[in-house]
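Quick notes on the structure that follows.
For reference, chains read A, B, C and D in written order, and residue numbers begin at 1 within each chain.
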Amino acid sequence: MNKQMTAAEVVAELKDGMTIGIGGWGPRRKPMALIREILRSDLKDLTIVSYGGADVGMLCAAGKVKKLVFAFVSLDFIPLEPYFRKARQSGSIDVMEIDEGMLLLGLRAAAWGVPFIPTEVGLGTDIINKNPDIKLIDSPYDDKEWVAMPALKLDAALLHADTANERGVVGISGPDHYMDDWYARAAEKTYVSCDELVDADYFNDPDHARTVLWERSATSGVVHIPGGAHPTSCAPLYGFDIPHTKEYNASAKEGGFTAYFEKYIEGKTEHEYQQLVGGIDAINALPIPAY
Amino acid sequence: MNKQMTAAEVVAELKDGMTIGIGGWGPRRKPMALIREILRSDLKDLTIVSYGGADVGMLCAAGKVKKLVFAFVSLDFIPLEPYFRKARQSGSIDVMEIDEGMLLLGLRAAAWGVPFIPTEVGLGTDIINKNPDIKLIDSPYDDKEWVAMPALKLDAALLHADTANERGVVGISGPDHYMDDWYARAAEKTYVSCDELVDADYFNDPDHARTVLWERSATSGVVHIPGGAHPTSCAPLYGFDIPHTKEYNASAKEGGFTAYFEKYIEGKTEHEYQQLVGGIDAINALPIPAY
Amino acid sequence: MTTPATEYSLAELMICAAAEAFRPDGEVLATGIGVIPRIAASLAMKTFNTDLMMTDSEAWILSEPNPLGKRPDDFVQRNESWMGFSRIFDNVWSGKRHAMLGPVQIDRYGQTNTSALGGTYEQPKTQMLGARGFPGNSISHQNSFLVPSHNSRVFVEGECDFVSSIGYNPERLPKGRSLDDVDIRLIVTDLCVMDFAGPDHQVRLVSLHPGITVEQVIDNTGFPVDISADVPTTPAPTEEQLAIIAEMDPQNQRSFQIKDNPAGNRA
Amino acid sequence: MTTPATEYSLAELMICAAAEAFRPDGEVLATGIGVIPRIAASLAMKTFNTDLMMTDSEAWILSEPNPLGKRPDDFVQRNESWMGFSRIFDNVWSGKRHAMLGPVQIDRYGQTNTSALGGTYEQPKTQMLGARGFPGNSISHQNSFLVPSHNSRVFVEGECDFVSSIGYNPERLPKGRSLDDVDIRLIVTDLCVMDFAGPDHQVRLVSLHPGITVEQVIDNTGFPVDISADVPTTPAPTEEQLAIIAEMDPQNQRSFQIKDNPAGNRA
């Protein structure tokens, strides 16, 4: 089965009101080209599940988000995400605010086909008070109460990886795959944009096969978009684009998202977008940060 | 902290009645030198949690086992474990027989400090009927019943790995680490025998650091015993010893475990044991099987 | 792939019949434990369901199935992804798997026993492997069974002595679930192919192997089987299938799977 | 390690005070988020608690802490184990971790806020990062806090606007648990060091930084603090500690952490 698709074909398979998980972490390995394609579409009323960065900010700014399931939204080197803040401060989105580890448990519960996983995380905090849909339960084995973190079932997951083949074998060779494997397993359909489309022999090498975190049966579509994570990073290929992210951040105060959207996204192909940010060679030259 | 110990020091830290998890899988990467040291001791009334092979068989044969938590016990190329069968068929051990995946969930629940993880595995089978201590629960999110797989908290875990350093950093460079990481995390104390004691720089190499599956804080003691998994395998160093395992299996019909124990284990050091089975070079030359 | 072979062993017939179990699966992990199930899954993957996935029985998913047994030194295993035993359960619980296994007992409900025979549970007469992954397999994904010797000790009259896997038994149906949630596909034996498509999930005779009679099946099965008036004959392997089987099993391990390695056509 | 320095910055004093939080920890993962906490954890690991573990803030546990900022091209990072973000939670839930973080609000119970200020929860006046890992950290392992500007907007009079982390609040105690299950160690600010060892887990003044008075602490804290008659002075860094701090922070990022980078002794 050849699972290659275009970004437009991926977005055509998404429907209003869907729950969509987005891989990566903050400004790292976000499927931004797929996000841009959503921004160009008339998709709406989405529930987004994300360790959020500009993916969440842009979707909020474009009015695509009905509800956000999150533990944080941050640009990292710029701590606060401007458009997420605007959305919250204008009361325009519903939220399910949870702990980072609870989000992982929710994805795992969905992946494993169970309704919840118990945890003590969230007890004693407003995570519980502000989320009446998260239930407390008793255990048959002790006298304590526990949080029943519900499964976060995704209609679709959108991920970005450095390598994939046309059958849907996906390799993440950077140092961290974040929770992408759990997004892939928690979702009904998983779409992956990749920097490099490799042939089948690539994964014969055990070192490469080790970078594969889920079976190809958990991948529905593969979109070949070199640089597709820009302006977020895709280690080991490229770091995040700090100047561009600063411009995006500044747009919240000058011109608003409309100005950013018109300049970079509206009516433009991904190739045109990349030309506007310096071209694919410039993207691939973005340095990996050290902390 | 230097965590090097002898096998005798490890066994001295174990107490009658403890719940002890044993890593590996069937005839693969079992901490057999530590098991032999237990066989030489007067330790008793143990609850053993294992994806079982000869480790379980020998402990049963020596009368060390009060209760066994298991999904299978097998020598693999010899499907049935003779001494485990004898123990069951004489009614001399209590059992908690569960599914392979339930055992994994029980270790994870213990590792994560939660009383149980829900699963549908076991429903409709005698796993539930024969284990009154495993409770069925309702979910606050649906109308189904679920198995509450209880945490399998271990007083100690015994593992074998190919590499470790004196600080308790443990590397498993064979193709599969089985569930050893979850044993290490589920246990109060984790003791690891290793073929090679490496220096700290060994793990600077990211490829080596990738073979480390748990933090050194989850390792209590490291015992340097080259060939310590014999007669089970330790890929990529050596395969299992088929002739020796056949002799062990045959002993159940001729002479019983006493004959095997007297010949190979009783009053003998690990070095003497290895001499009796051909020496360390012969162990390291045992071929890795292909299926 | 349409030239029926005239000479083939019973094992080869059973391999081809068992391969059919994987035809409608789409992209799932095909796990065939034992020689016949593994060659069957390999055959399916190399012919009519190329979307299947298989492992090397150790830690890797393969993009092409490995031949059985020792392989030449220059053999390159076609790895596709790491798949250690711990990750197998993520796949099992996703439901994207089809296992074909050989339990020791199978009852009218499709419940199986891999653990203990006779005596009491506290002291069985014969202890076997244990429940293994059968409880999880049976409630999570489709399963088929391979029985090398069809008799009423395997296909027992009552319930299995120990029930390792859930079947179509209304008495054991868990709260909030339906018998249709259980998904047992084919039972391939040395006599016939059966499934659970009879009334109320009754075991049904799908086809008889060449030369086998309905009576032989009835006499060797401990419970009633749904049998239509006109039972088809299990199709012979094609020459193309035999060639692939020989390629996947170059050391002819299949010839040791059925007692005396009989011919496929026993007419 | 016993030569007290005479010249040191407030940031350096705070680093040394914060490092003390990790002294009794034994072998745990020390997570210091931000420049001062990270140098503090590094200092502890390189001196009085060599059993500590730290990460590279990305995917590796290190056997020696990394210096901050850009490192020379020939720098060899001392990896010890892979530790991707997903595995961090296995560590968090094991309890073998000590995190030192800087929340925006801290109340009398040690509850913190990292999420939302003012307005309603549905429409906060100021949205911040979100709860992050605070709920899990606070109930799983020991935690300390670093406050670069001690004032009553941080140390609020009432409860935090949003409670991200569990504290010693009897009103919020979960069923079957004890307030002693909560384990908040030190709060290090630009004025003083505090802990929760007062009566009934009240915030207690542990030491005053040189030149700071009890009144300054009282005036800048929105809730009552348990203060003994004779409050010690936070010890000055030693020369040896300053040398290690300089080695861990060669680009002097610490000088930008406290407004105007004041001297440690403000007498």
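Keep in mind that, in the parts below, a residue touches a chain if its C-beta (ideal position, glycine included) is under 8 Å from a C-beta of that chain, and two chains touch if they have at least 3 such contacts.
Keep in mind it's a predicted model, so treat the numbers as computed, not measured.
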Practice problem: Pretend subunit B isn't there and tell me which chains still hang together through touching. | Solution: one piece
Self-check item: Centroid distance [mean C-alpha coordinates] between subunit B and subunit A, Å
Solution: 39
Quiz prompt | Distance between chain centroids, defined by C-alpha means - subunit B, subunit C (Å) | solution = 30
Quiz item: In angstrom, rounded to a whole number, how far apart do the mean CA points of subunit C and subunit D lie?
Solution: 59
Quiz item: Mind pulling the subunit A residues that touch 2 or more other chains?
Solution: 112-113, 119-120, 142, 144, 175, 206, 210
Quiz item: Hey, what residues on subunit D touch two or more of the other chains?
Solution: 60, 82, 93, 140
Quiz item: Which of line, ring, star, complete or other matches the graph of chains that touch?
Solution: other
Exercise. Would you please name all pairs of chains that touch?
Key: A-B, A-C, A-D, B-C, B-D
Quiz item: Which of the residues in subunit C end up touching subunit B in this complex?
Solution: 56-60, 66, 68-71, 82, 84-86, 89, 92-93, 111, 115-116, 119-136, 138-140, 162-167, 169, 172-177, 182
Quiz item: Which bits of subunit A are touching subunit B when the two form their complex?
Solution: 112-120, 135, 137, 139-142, 144, 146, 148, 150-151, 175, 206-207, 210
Quiz item: How about subunit A: which of its residues touch subunit C in the complex?
Solution: 1, 111-113, 167, 169, 185, 200, 203-206, 208-210, 212-218
Quiz item: Which of the residues in subunit B end up touching subunit C in this complex?
Solution: 25, 70-74, 79-80, 84-85, 88-91, 97-102, 104, 119-127, 129-130, 142-145, 175-179, 181-182, 290-291
Quiz item: In the complex of these two chains, what residues of subunit D are touching subunit B?
Solution: 27-29, 50-51, 53, 60-61, 63, 76-83, 90-91, 93-96, 140
